[in-house]
Every structure is written in structure tokens, then in C-alpha cells.
Amino acid sequence: MAEQVTAEYLEQAFESAKNWGRWGDDDQRGALNYITDKKRAAAAALVRDGAAVSCAQEFATQPAADNPHPALHMMVAAGDACTIPEVPGLETTSDFIGVAFHGMSVSHIDALCHVFVKEQMYNGYPASDVRSTGAVRNSIMAAKDGIASRGVLLDIPRLRGVEWLELGTAIEPDELEAAEEAQGVRAEEGDILLVATGRDARGRSLGRWSALTGMAGLHATCVPWLHERRIAVLGSDGISDAIPGPGAVGWPMPLHQCCLVAMGVHLLDNLKLDSLAEACIEHERWEFLLTIAPLRVEGGTGSPVNPIAIF
Amino acid sequence: MAEQVTAEYLEQAFESAKNWGRWGDDDQRGALNYITDKKRAAAAALVRDGAAVSCAQEFATQPAADNPHPALHMMVAAGDACTIPEVPGLETTSDFIGVAFHGMSVSHIDALCHVFVKEQMYNGYPASDVRSTGAVRNSIMAAKDGIASRGVLLDIPRLRGVEWLELGTAIEPDELEAAEEAQGVRAEEGDILLVATGRDARGRSLGRWSALTGMAGLHATCVPWLHERRIAVLGSDGISDAIPGPGAVGWPMPLHQCCLVAMGVHLLDNLKLDSLAEACIEHERWEFLLTIAPLRVEGGTGSPVNPIAIF
Amino acid sequence: MAEQVTAEYLEQAFESAKNWGRWGDDDQRGALNYITDKKRAAAAALVRDGAAVSCAQEFATQPAADNPHPALHMMVAAGDACTIPEVPGLETTSDFIGVAFHGMSVSHIDALCHVFVKEQMYNGYPASDVRSTGAVRNSIMAAKDGIASRGVLLDIPRLRGVEWLELGTAIEPDELEAAEEAQGVRAEEGDILLVATGRDARGRSLGRWSALTGMAGLHATCVPWLHERRIAVLGSDGISDAIPGPGAVGWPMPLHQCCLVAMGVHLLDNLKLDSLAEACIEHERWEFLLTIAPLRVEGGTGSPVNPIAIF
Amino acid sequence: MAEQVTAEYLEQAFESAKNWGRWGDDDQRGALNYITDKKRAAAAALVRDGAAVSCAQEFATQPAADNPHPALHMMVAAGDACTIPEVPGLETTSDFIGVAFHGMSVSHIDALCHVFVKEQMYNGYPASDVRSTGAVRNSIMAAKDGIASRGVLLDIPRLRGVEWLELGTAIEPDELEAAEEAQGVRAEEGDILLVATGRDARGRSLGRWSALTGMAGLHATCVPWLHERRIAVLGSDGISDAIPGPGAVGWPMPLHQCCLVAMGVHLLDNLKLDSLAEACIEHERWEFLLTIAPLRVEGGTGSPVNPIAIF
């Protein structure tokens, strides 16, 4: 177990990990800049078998311990009312979806405007740039052309030989590296790093639970490690942060705070990684082409997504 | 101009194009079955430069002639109210999106339950399988692991040397083949075929208009052609159908009716294809890896999507 | 404690309480027909002091044990973005509300299409008249001109000398009559009868709970009593039914089933009655003018409401 | 035709009409304070016949020239899917409504936080009190116990002997007084004043139109008149303001600006007044009990309402 990290440590880690200005004073893409065309082409070249695996949960419309704000899915017209006056002869159905996607069980991407530290966003933009009508900077439109790169899965329960990590478990850098070694893979510049904690397995065995109760995630000391590795996007079957956090005042969720704000690293929350983990074992490799296609919502703080891995 | 097609012609075309039972009596994936792992791997192998292009419109929240039912995008909390009692020290913003996506200006995919012919869906399932609580068959979950395959763009305005096709223009098979020849590409089994009509260019020049007024699209005689070519998915910057339709009673939108119901071909409506068309010219090829990642909505009749082409 | 009621008893009670055809084969207003102009004028004549009291809960946007599907309230534009291009010089804010109001903590009225018994609604209309696009019969439009009549509150906790009734308590007709006698009031033809169970007091003391756990309400033997008294509308701070119900197969919620379907009595669920109860004590009378104004939603199964009592 | 009013005139009118501090520095109810219990009792005493008339439009879910942001009404479960696992034996349907109600065709009430002048609300509260999470002052909760008072209808088309007023018509105080005289009624302290312009009749004859095109309403010179008369609430079948406005810079909608901000007078927009006008003629009186019951939305900028007049 690592020593407890302090607010001083985190302030220093935050400052050291800052990518502000690195890609220009007007940049809003942050670490997505690491994903060059060349990187993307190299990622596509990883595809051999062609098997595709989704990393997303089902759109969660039913209330549950981990879903206090259920998504909406309602039919506009079903099979019992499939004719429409505007187009005689057409039999059609349609539906409506609605979601405040930063909930606890919808797989989504966080835009860089989703979190502030001391009322500042990535690249120094002020909190007031996120207005009641939408974000005027750092919105999800930074990823409007999609995110495609090499995905790397680090499967920590597999490393430990357990089905899932206990709530509150904080994974430290040496454990990430141990997983790299065990799996024969190394997270590099421009990668989308996915860290599995076994959340779904725990839910299946013990029932679903509120994230406020606890989550396994990354230890705050992973911040410098992620920065050094030049990760483009970080994702998890949890929310990347271990809950409860380090207990340092002002830093309840250091991964969210340092990734989104300091580094400009977009986050993928509430992924479903068990199918992917199985596929990695089956294909005996933990790298793959990963594509993420956020909806193009002007001013949005993120998007529900269905990331697709191709082997 | 082709002769007018009759209801008899369309009934025959529908019957001839039927893939019902082809992949089993329980199949709900339809022509997605054409996309094998091998096909997907071959599509990934097309990637050379790594450039990525989105084929989606912006999420359309403002009312317009072509957007009678605007999508909803509202902030749940903006920069002026970014603290939350549940997590002291966290500064965060969030938002809500909601959309009845089968509208006229949101890029979306149609599930196979979106259209019936004579109260039947693809593979013979009855209309009553689409209930007021969602579709129990042929929902968008057929594409839950995403759709990745070779994308082929046929750029008809370019072929004709115009900026856009006039409203009501119906593209016939020989013109599709002329475009193939001019572009040096051929649509084949398992491909995602995209047909550009110049809709965005027309809208920029003449203003946006209601789809009910007219749209360029495919002629009904393309149905046998698409079936023969074993296209997996069909998409357009319009809605694939030419509007007004052929005027044959019962067949207002033959492409929707024959693709979704007879062939089990998912459709992509209201794409934005001008950036893609430019990229094709720039890369001097009209084939690319195309990935589509519908949200995993149980019972859904489709999904808003942001298809990403990679060259 | 009353003997357990059986399915036979309830079938008989249902049949005996049927008002089908009473106001014509085409009627969709049911017991609202008891509220004549004369009745309404008499109700208004009850007003003396002019004090007004709301019987509605706050619109519940936060998840809670009794609110699994929170209502939506989101700003469209707040003070930080109050100018609009359409009207230069105007500073304005606006918001959005959305709710599936038949939840457990939003005060609402049930339309007669909200419940069926054996796939029939009030007046014999079939379940298929409630389509995926809305109810074509028995919608809330039956009350489109509002409901104003004499309101009568029967305060059962006060009668018993307790703060609240225990979960599962089923109030029988003799207790309703005891409350009438104690309060010096008698529920009559065309009245809106409100029955207080102390739900809010219990919630304040013991915390909120899921209605599925249990609710105090009326015993099934109240059905003939309500029918005989010709009550126009029934309301409660619970959901009128005692939960769990009588345990008779097919009759989980006999009040909902017999009031809405047999009698055509609209129901008011999840009211807030503690302020009203205090006002009744203060004014020393348990009758008042009560007005209920459902939103005019064509095809709606009810409406959120804010019933107002005037003394 | 009145002389054009200037910005100076309006600034003076605004200042003169200010009720800031009149009911205390903490007041958020504004002119609702004019409606005392005594006033409410007197209004109830107006009821003789007991006839009830709604003043609300149908919830407008279809796009139209005057409805660019249609309200949402969707079934959650209809007759084809009426059983629910939670309550075996229950057959039930339910629906969802959602609306950004400050649109042009939903009858609604404006809260005092809906409009600012120079970034101030009624009683001097700053615009920043209306946050992205809701209004912390001057929300619709000011009317949480409903609004019941004497309603007075001034029927201007009837006075003029026309079916409707032309777009842009601005009604001046002397015309309001002429209507009072013709109808034998006088708007007084605490009244809810409704002004009919014949909007619905015009729409039925000429088709619906965008409010931005033009609306009949009150002339800016009515502001001092309304203030002097101590009106509690103002409503119209339009939006009270004549459109286009007076052309004075900074004062595009003087009635909204002066009523909501200076006087603290809540507004009722987009009412349906033709049935009420007929009822007034039938009953030969233009005064009645009027009840308005906003939904109790904490932080809300208003509410859809169904005002009910009782004669």
C-alpha cells in the first residue's frame, strides 16, 4: 500500500502533468493530439482476425443502486400505430432516447470541460466558459471526428488472480507495469489505455452498488506515470478514480482532476470490459484497434459512446 | 429517366430481394451477416494514411425547415454551479441529451424494426413485436458490437459534374455503376455503401428544406442491384429514398421498405458526406475502413451515430 | 382487522360498482359527471376566509427510495446566458420540465385509461384503445376544463391519535364513517374525497421508503362504500390502495382497479396533505373548495397537478 | 395610434412602476401580494352558476409555425404492454410529458425570474441568482399555493366589432377603459386581468404563424395604467406584448420587462380565450373566479398551466 498522498503532492503532480500551452494557447483537444494519422494507421495495422468487441454497457433505463438517474427510452410510435399521415403507405416505428450520461452506469466519454480545478479547465480556460447553454470551449466537439487509436487493456484482476478488485482498491504504477509485463504489452504515446477492475463480475456476484460506496481505480501516483507515457485517453470499467479518494482536501478524484484538467486526457467511464478481457485472452494479445465515436453535440460535456475494439 | 415503376414491379422486387430465412429463422442481423471477421480484417487493411473523417451532422437542437422536432441538449450544471454536495471538492459540469432521432437532420442508423411492409418486419416477424415498451425483435441490438467494414462512397454529383442533385432525382443502377467505374471501385459483399447526393451543398446555397418537399435518392430499380451486390448497410446524405417516391400505391419509400424489410439491410440516414467526398478525392480512393457504433439500446429502433471513415 | 377479501368478493364488488353505460355508451368522464354546475357553485359557496392551501408535493427531481424515476428539471438558459438573438435587448431565462408522472412521489391525477381489468377500461373500452401514440379514449382530456368541487378531507391519523398509519394499514368503511362523525362532515355525491394517512410525517421521522415496501390506504371493502356515496374523485397522500393488497389473485390494487375501471373515479396519488390537515384544524372544518387543473394532454394517461384548497 | 414611445419614456415608466421593496426586501411574490385572503374570498363569491371554462391550449406536441420546439408526449407503456413485473396482476399504462414551456403555443405562467432588465430581476435580485441548476430567487415557487382571484376579461375584438386584432396592434389604456365601460367591469387591485386579442380566431382563419412575425398586445403606455390599477397577474391569448415592440433600444418587450421586473406581476402567455369570451357573453359578465395552479418546481422559471374560470 502506498503512503497516503497529500494535497501538496497532488498540487505538485497536477502542475507537473500540465499540458497547457503544449499544443498552442487555443488548443482544445489536449492529449488527443498524441493520436496522429500515423498512430491511427499503426493501430489499424494491428487488426488481424477482424473480431469486434463492444466495450459499452447497455443503455440503462431501469433504476438501480448504481443508476439513480435512469436513462429514458420511449417509443414515439410502435407496431400498434405504425402509419403516419405525412407518408401514406409507410409503416414505421420510432423512439426517443434521453440521458444525463454522466451517471454511474452509462458508458460515456468525459469532455475536457467536464471538470475544473480551482475554476479552470484544460489549457487554462475559465469555468465561466461552460455556460448554461453549453460549453464554449473544451466541449466534446474536440473529438468530433472520432477517436481511433491503439487500445491497450491492462487486466488487473487477472494479474492478481482474482475475479474483481475490492472497493476502494487503488492501483499503483508498479502494478500497471506488472500487468504490462505479464501481458507482454506496453502503453505508449497516443494509446487509449483501458484498466479493468472486474466491476461487472463483482456486480454479478454481489449485486450492483452505488459508486459513492466505493470503486476500485487508479492511485493518485499514476498521474505522473500517465503523463510520462503520453496516454491519449484513459478508460475503465469503473470511473478511473478509486473511491474513496486519497483524502487530500481539494482532491476527491485526482484522476479526473489531473487527466481532464492538467493533461487534457479524455476519460471513458463505466465501460464494460469483461468481454474485451475474454477476447484478449482468446487472441493472446492486449492491444487492438479501438474506435470511439462521440455524438457531435456542440457545447456538450461528453457523450454516451459504444467503443468498439477490433482484433 | 427510368420508366415509372409499378406496385407490381415493387412487389416482385421485394419478394426477389427477400433474405428471410437466409441466416436462420431466428436471425435478427440480416445483411450484417455479410460482414465476417475476414471482411472486417480486410477493411482494416485498407487503412494507409490514418486520416479520420466523420460522416455525421451536428446534433441539431435548433428548429429548422428540415428539423421539425429539434433534439434536446441542456446543461444539468454549468460553470456557475459546478460544486456538488455528494463529492466535496469536485468541480464538475454535466448535461442531458434527448432526441427522437428518426428526424430529418440527425445522422442515425435505422434498425430493422423501423419499417414494416404489410405489418411484417425482416425475417417475417410481425409488427406486434414492436411494442410500446420497445422492440422485442429486430432492435438495434443487432448491431450492438458495432459495424466495421469496408465503406465505399459513390459520389453522384461529382460524376455528373454538378454540386448537387435536384430534388426528386432518382439514381438508377447504371449511374451507380458509372460512378464505380469513374472512381475505380466496386461495391461488393459486406460493404457499407454510401451514396452522396450533394444535400449539404444544396442546403448551403439554397437554404435548408423539408424532406417532404423532395430529396434526391436511389431509384426503386436499385433494389435488385443492392441485393445482388450483397451490400451490408446502405447510407446517404439524404434518406436513400428519392422523394417523392415512385407513386406506386403501398410503396412510398421502396428503398426503406425493401432494404430494411426484405433484405435486412440497415440504413444510415442524414449523413454528412461532403467532408468524406473531399477526403476521397484527396486520397484518390473511394474505399476506406468505416466504423459505426450504435448506442446499445435494448428495444431501440435505431440510434444516432457518428460514423468514422479512416483512410 | 377485516377478514381477508377474496377474488370472488372483488369480482362481485367490481361488478356491483360498475358505472358503465350510466352516462351513455360514449361517456369518458365517469364519475366527473357527478360534478354538476350546481355542485360546483355550492363548493365555491363554501369559501369564507379565502385561505389557499396546496395539496401537492414539490416536483421531485432527486432520486430517492420513493422516487426511482426522478423528474427532469433543466435550465435551457440561465442568468449567465440570458440574451437571445431572436429578440435583441431581451434578457430572459427558461427551463424544461419532463416527467413520467405516475411515479411514487409526484402528485398527479390518474386518467381513466391508466388501469385496465381484464383488458378493459371504464365504460368497456378495450385496452387496445390505449395506443403507443396515446389513448384514443378515456384520456385525461376528460378533465380538460378542470375539476372543481367540494373537497372533503378524512384525517385518519388524527382520528386514531397517531402521527401516521403503519405500512400496510387498510382503512375500512366504518373508520371512514368514524372520521366523518368526529370531524362533522359527510362525503356526498360529487365530492372529491381526500384520505390522509400521515405519509409525510412518517417520511420525516423514519425516512422515505419505496411504495412497494408498503403503504397505508383504503381496504377493498371501501369500494362499495365509495360507489354508494357517489364520490367523484378519490385522493390520498399515498396511492389510495393499501400495499400490500388483499392477496386476492388478479386484484393487487383493488382501489385503483375498481375506482378507475368500474366506477370511472379519477384518482389523485401522492398528494401532500399535512398542510391541508393543519388548515382544516385551524378552520375547524374539513370541507372546502378544491380545484384541480390537469394539463390538456391529448391521449394522456393523467397529469401532474397542484390541487388547491380554498377555505 | 399613440406616439412612438422612447427609451427615455420606458426607463421612466419602469422606474415609476417599480414595486421593489414594497413588500419587504426579501419578497419574491411581487404583485401576488395584492391577492389577500379577503380578495380570494370575494372572488369565490362571484361564482353563481358554477360553469367552468379552461383558458389553456392543448399541450402542443406537433411542430407548427408557432411551435418550433414541440412539447414531448410519449407513452411509457400502452395497452399492448400493460403488465408490470413489480405488481403481478396489475394492468396499467403510463406516459411521459416534457416541455420547454416558454414556447409560443403552450399556455404557461412566467415566474418573476423569467426576465431581467439590466441584469436585475424583480426586487433588485441579480441575474446571477438564476443559475444553471435553477433560480435561487423569484422562482415559480412564489405561486406554490396556487393563484386564485377575481379574473377580468377585456375582450378587445368584441369592442372593435372584429374577429381579431391585426398583427402588431398595440392596445392603449383608453381602449382598455372603453372595454371596461362596454362590459360593465373595472379591473381592480388584486385582479387577474386577461386581455383577448382574437389570436385563435385569426389562426383558424389564416393559419398559425410565428410570434416573431407579429402579435397583437398591449401598448407600452399600459404599464403605468396596470401599476395604478394594482393588477396582480396579467394574461393574454398572445404574449401581452405587441410584436414588434415600440422600437426603443433596450425595450423590445416592455410589458414583459415592466410587469415581471418592475412590478412583480406574473404573466400568463398563450392562453386560449375564445371559450372564455363566449362564456362571458353567455353569462353577461366579464368577471369570474379564476384559479391557476403552477407545478411546484423548485427553481423553475414558470410552469405550464391550465387556468380555470368559474362563473
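Each chain gets a letter, A, B, C and D, in the order it is written, and its residues are counted from 1.
Here is the rule we use: a contact is a pair of C-beta atoms (placed from the backbone, for glycine too) under 8 Å apart; a residue touches a chain by one contact, two chains touch by 3 or more.
Remember, it's a predicted structure, so these values are computed and weren't measured experimentally.
Look at the contact of chain C with chain D and you find the same residues on each copy: over half of the numbers used there are shared. By count of C-beta pairs in contact, A-B exceeds the other of the chain pairs A-B and A-C. Chain B and chain C have Cα centroids separated by 46 Å.
For this pair, chain A with chain B, the centres built from the Cα atoms lie 27 Å apart. The centroid of the Cα atoms in chain A and the matching centroid in chain C are 44 Å apart. Along chain A, residues 72, 75-76, 78-80, 96, 98, 128, 131-133 each make contact with two or more other chains. Per the touch definition, chain B reaches chain A in the complex via residues 36-45, 47-54, 56-59, 61, 72-73, 75-76, 78-80, 82, 86-102, 113-119, 126-135, 144-146, 148, 212, 249-253, 256-257, 289, 291-308, 310.
By the touch criterion stated above, chain D contacts chain A in their complex at residues 72, 74-76, 78-80, 96, 131-132.
The touching residues of chain A, when paired with chain C in their complex, are 63, 68-70, 75-81, 98, 128, 131-133.
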